[in-house]
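The chains carry the letters A, B and C, assigned in the order they are written, with residues numbered from 1 in each.
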Amino acid sequence: MLTYVIRRILLLIPMLLTISFLVYTALELTPGDAVSALINPELASRLTEAQFYELRESYGLNKSFITRYGIWLGNVMQGNFGHSLAGGVPISTIFLDRLPATLELSLVALFFSTVLGCILGTYSALKRGSITDSSLTVIGMVGVSIPEFFFGLVALLIFALNLGWLPVGGRLLPGYETIWDRIPHIVMPAMVLSLMMTAGVMRYARSSMLDALTRDFITTARSKGLPEWRINLLHGFRVALTPVVVLIGFRLPVLIGGSVIIEQVFQWPGLGNEFIGAVRGSDYPLVMMIALFSVFTVLMASLIIDVLTALIDPRVRLS
Amino acid sequence: MTSRSLNKKFDKILAREEAGQLSSKGGSRALKKLFNNRLAVVGILLFAIILLTAIFAPLITDADPLKIDLRNLSKPPTAEHWFGTDKTGRDILARVLYGGRVSILVGLGSGIISAIIGVLIGAYTGYKGGWPDIIALRISELFMSFPQIILVLLLVSIIGQSLINLMIIFVLTGWGGMYRMTRARMLSLREEEYVQALRSFGLSTASICYKHILPNALGPIMVNITLSTAAFILAEAGLSFLGLGVPASIPTWGNILNVAQEIRVLQNFWWMWLPVGLVICLFVLSVNFIGDGLRDATDPSQQG
Amino acid sequence: MPRTQDVALSVKNLKTYFYTNNRCNKAVNGVSFEIRKGKTLCIVGESGCGKSVTASTIMQLLPALSRIEQGQVTYHSDSGDVHIEKLQRDGKEMRAIRGSEIAMIFQDPMTALNPVYTIGFQIGESLKYHTDLSTKEIREKTIDLLRGMGISLPEMRVDDYPHSYSGGMRQRAMIAMAMSCNPKILIADEPTTALDVTIQSQIFELMDKLKAENETAIMLITHDMGVVAELADDVAVMYMGNIVEAGTVDQVLRHPVHPYTRALLKSIPVLGRGRNQDIQPIAGSTPDPYDRPIGCQFAPRCKHRIEACDVMPQEVTFNGTQRVMCWRYKEFLPDAG
């Protein structure tokens, strides 16, 4: 088990290095260069030309492309992500500021969509052919056809503007910090974000469950005289779970990307919102770092999913 | 013990069987299944309707989607303007219809092109194996490690916004999925015996891979094309909504929705965004119905 | 006819019909037999003849789109007769019988065992639901069972997953699972078809031992006549949903009277008889279950068919325990001309 995890981590490193190198190259190609962005602009603005040049020298300006990559990478790994072109704010500060919000939203959406999707999908499979099953299937298809932001807009209109049940946006009002205050704000963005994921999980859980239920070991379990619930849950669902977890791993990039638009619609103060602002303002250092970070997150998350899969399915550990 | 309703159903079937009324008929199983699937039929109809209205837009409305009319700002739907007018007086119905052309072009076009590229590469490298396969695999992994939106926006910020750029970016970010799928099919099919036989006859790699193996994988490829078309249309809508997709000068469904970013518009001018949104939903839904029907019809492991 | 005291299960005129694809398939169309205590009944026939369906019917393990159309399946338990055909498919009574009184082992042990649970867990499930043993006792009993089936190092093997067992070991584990609650009847559906021939004999030795030690009645389903010769006490030959001939193994194998049985026996090469054996394959193939011949199902392929065969032959009992469904059976009796 441990060897499996270590092996997976080792496989990640080349990918991360490659992508970081590509990001670095892209930064070099844009106006300005990678190393300049590492320097604090506020500090830079107070220097003379010559002093600035010396400072960049000390950061390795005149060294070769590869060496500069090494220096840049070293800085990044130590937490110096460079500075945003808009106002010279250290990017690491922006991350610390905005990341919790995005994480909160994504994790709630992930949890919600997984649980709801599995429940509905399993129920659908068990009641195959019934009206409930057909309706859920169609609802699921409608769910993946609605643009998430459109769903968000409609939800905003109905629940926030017309009915006034939920706030229009934002994460917290200053002064209101308890968890009860937080919930109304997160409800809509999380529901909307998880729309497509829930529909996807539900559909996949249903077909995975149907597949598991036709397997021979289900007949064996039944021949032992076990009660239906145990057969469906411990034998059926348990085996159906693995493909669903794998699917979630594949859909993680979509979830992480989806929060970008939703954060806009609901004015949620996360990294996604920040990213769009950076793209609009051609703030390359910020754009690159957020992109790099998103890849890092996706790779980390798929590592976690792989470990999870190995935990629940002993066959995976062999390969 | 079977339930009462099942018992009745069985009795009916038994009676008809004994009376000799049932028999196996011929005909293409796949096509029959497709048309039996009511959702797929609905999907095909819906798709056709929307596509045709977009193509034949000039026949349906003689309004110019780009024409600004300062005397008719923000008017709700009337007999003259079925979908009303927007903030600069442009006829929204015309914008939806002509915008449909662009959106469908981007969606369908990117879907088909990325499929072609993905399939060509996947089939060849999957069959050949070795270095080309490893390189292609690593490159596709690279692209697929990025959340699609982030990669798209990244590229947009670098190469700028335009219709062609957007399609290029979509194809670049989308070929990976089709590539992976084709490669997987190829890997399993190339071990089949008939392939060994073809190889022993001395057929060239290209011939074996494109003429003989690929047709067997067509089913899932078609399904995938429909699904990625749906995904691209949604992606274009989202990006244009943010103002970062197709440039605002060219109307697309997403562009039209851009105005809904303002709460004021959201609340008071529903006709400016709600109908467009619904059209997107219906179109993508129809594509999904068709894709689902295709999947059911071409999947040999499905039982009746 | 030797009866009730030593009969574990009687099946009378059983009909099981399948209703998939909106068609009706009469998979089992009037089948009667008895399984005697401590004896092995072999049901033999080609694929699709309905032998597995018969087994599934006895255990009420039929798929959703099928039902017991007619007939009786009576289990003669210690506490009286149980009419299985009248029980709820997954009701409490049926579930109490399954696994503890009547148990089943399946053809492919790799797919029949759940890959995500240990062997110990899966054997323990039966014990958990049919006995009052504590968790510790269950584990001990499981290890004992594995040891009794000839699996070495059972204390370690009990925590292994099915994929780390070999094919023969998996089947032994399945038998251990089936025998865990000492069932009166063991149904084995082609238990060695997926295994090597050398392993096959080991498994059968095992089953014989169990039969002797526990007085278990065994219903063995197979398509291999060699297995029948080895293990059977009683034989029933099935074709397209009917038992065309039945009797003790001596009667059926030495003096078969139904054309199908005779043709089957003539089409098998015998080890040791040399190269020039007169092997005669049976012409034609089994009919489409949805497009059956009227009357005797074997008639289209039978060398001895006559006009009367357009009506389904009645079952005739002779020689005490031998039964056959053929209008012309008398001509094939050993003392006939």
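The rule is short, and it goes like this: a residue touches a chain if its C-beta (ideal position, glycine included) is under 8 Å from a C-beta of that chain, and two chains touch if they have at least 3 such contacts.
Keep in mind that what you see is a predicted model, and the values were worked out from it rather than measured.
**Student:** Would you mind checking which chain's C-alpha centre is most distant from the centre of chain B?
**Tutor:** The most remote chain is C.
**Student:** Identify the chain pair with more contacting C-beta pairs: A-C or A-B.
**Tutor:** Looking at contacts between chains, A-B has the larger number.
**Student:** I'd like the Å distance between the centres of chain B and chain C, where a centre is the mean of that chain's Cα atoms.
**Tutor:** Centre separation, chain B to chain C: 52 Å.
**Student:** Could you give the separation in Å between the centres of chain A and chain C, each centre being the mean of its C-alpha atoms?
**Tutor:** Here the centre of chain C sits 54 Å away from the centre of chain A.
**Student:** Quick one: chain A and chain B, Cα centre-to-centre, how many Å?
**Tutor:** 24
**Student:** In the complex, go through chain A and note every residue touching chain B.
**Tutor:** Residue list for chain A touching chain B: 15, 18-19, 22, 26, 30, 138, 141-142, 144-150, 153-154, 156-157, 161-162, 168, 253-254, 256-258, 260-261, 264-265, 275-276, 278-280, 282, 284, 287-288, 290-291, 294-295, 298-299.
**Student:** Which residues of chain B touch chain A once you look at their complex with the stated criterion?
**Tutor:** The touching residues are 39, 141-142, 144-151, 153-154, 156-158, 230, 234, 237-238, 241-244, 257, 260-261, 263, 266-267, 270, 273-274, 277, 280-281, 284-285, 287-289, 292.
**Student:** Please give the residue numbers of chain A that touch chain C in the complex, ascending.
**Tutor:** 215-217, 219-228, 235, 238-239, 242, 312-315, 318
**Student:** Could you list, by residue number, the parts of chain B that touch chain C in their complex?
**Tutor:** Counting only chain B, the residues touching chain C are 1-2, 6-7, 9-10, 13-14, 17, 22-24, 303-304.
**Student:** How about chain C: which of its residues touch chain A in the complex?
**Tutor:** 59, 61, 90, 94-100, 103-104, 106, 108, 111-116, 125-126, 129-130, 161, 163, 174, 177
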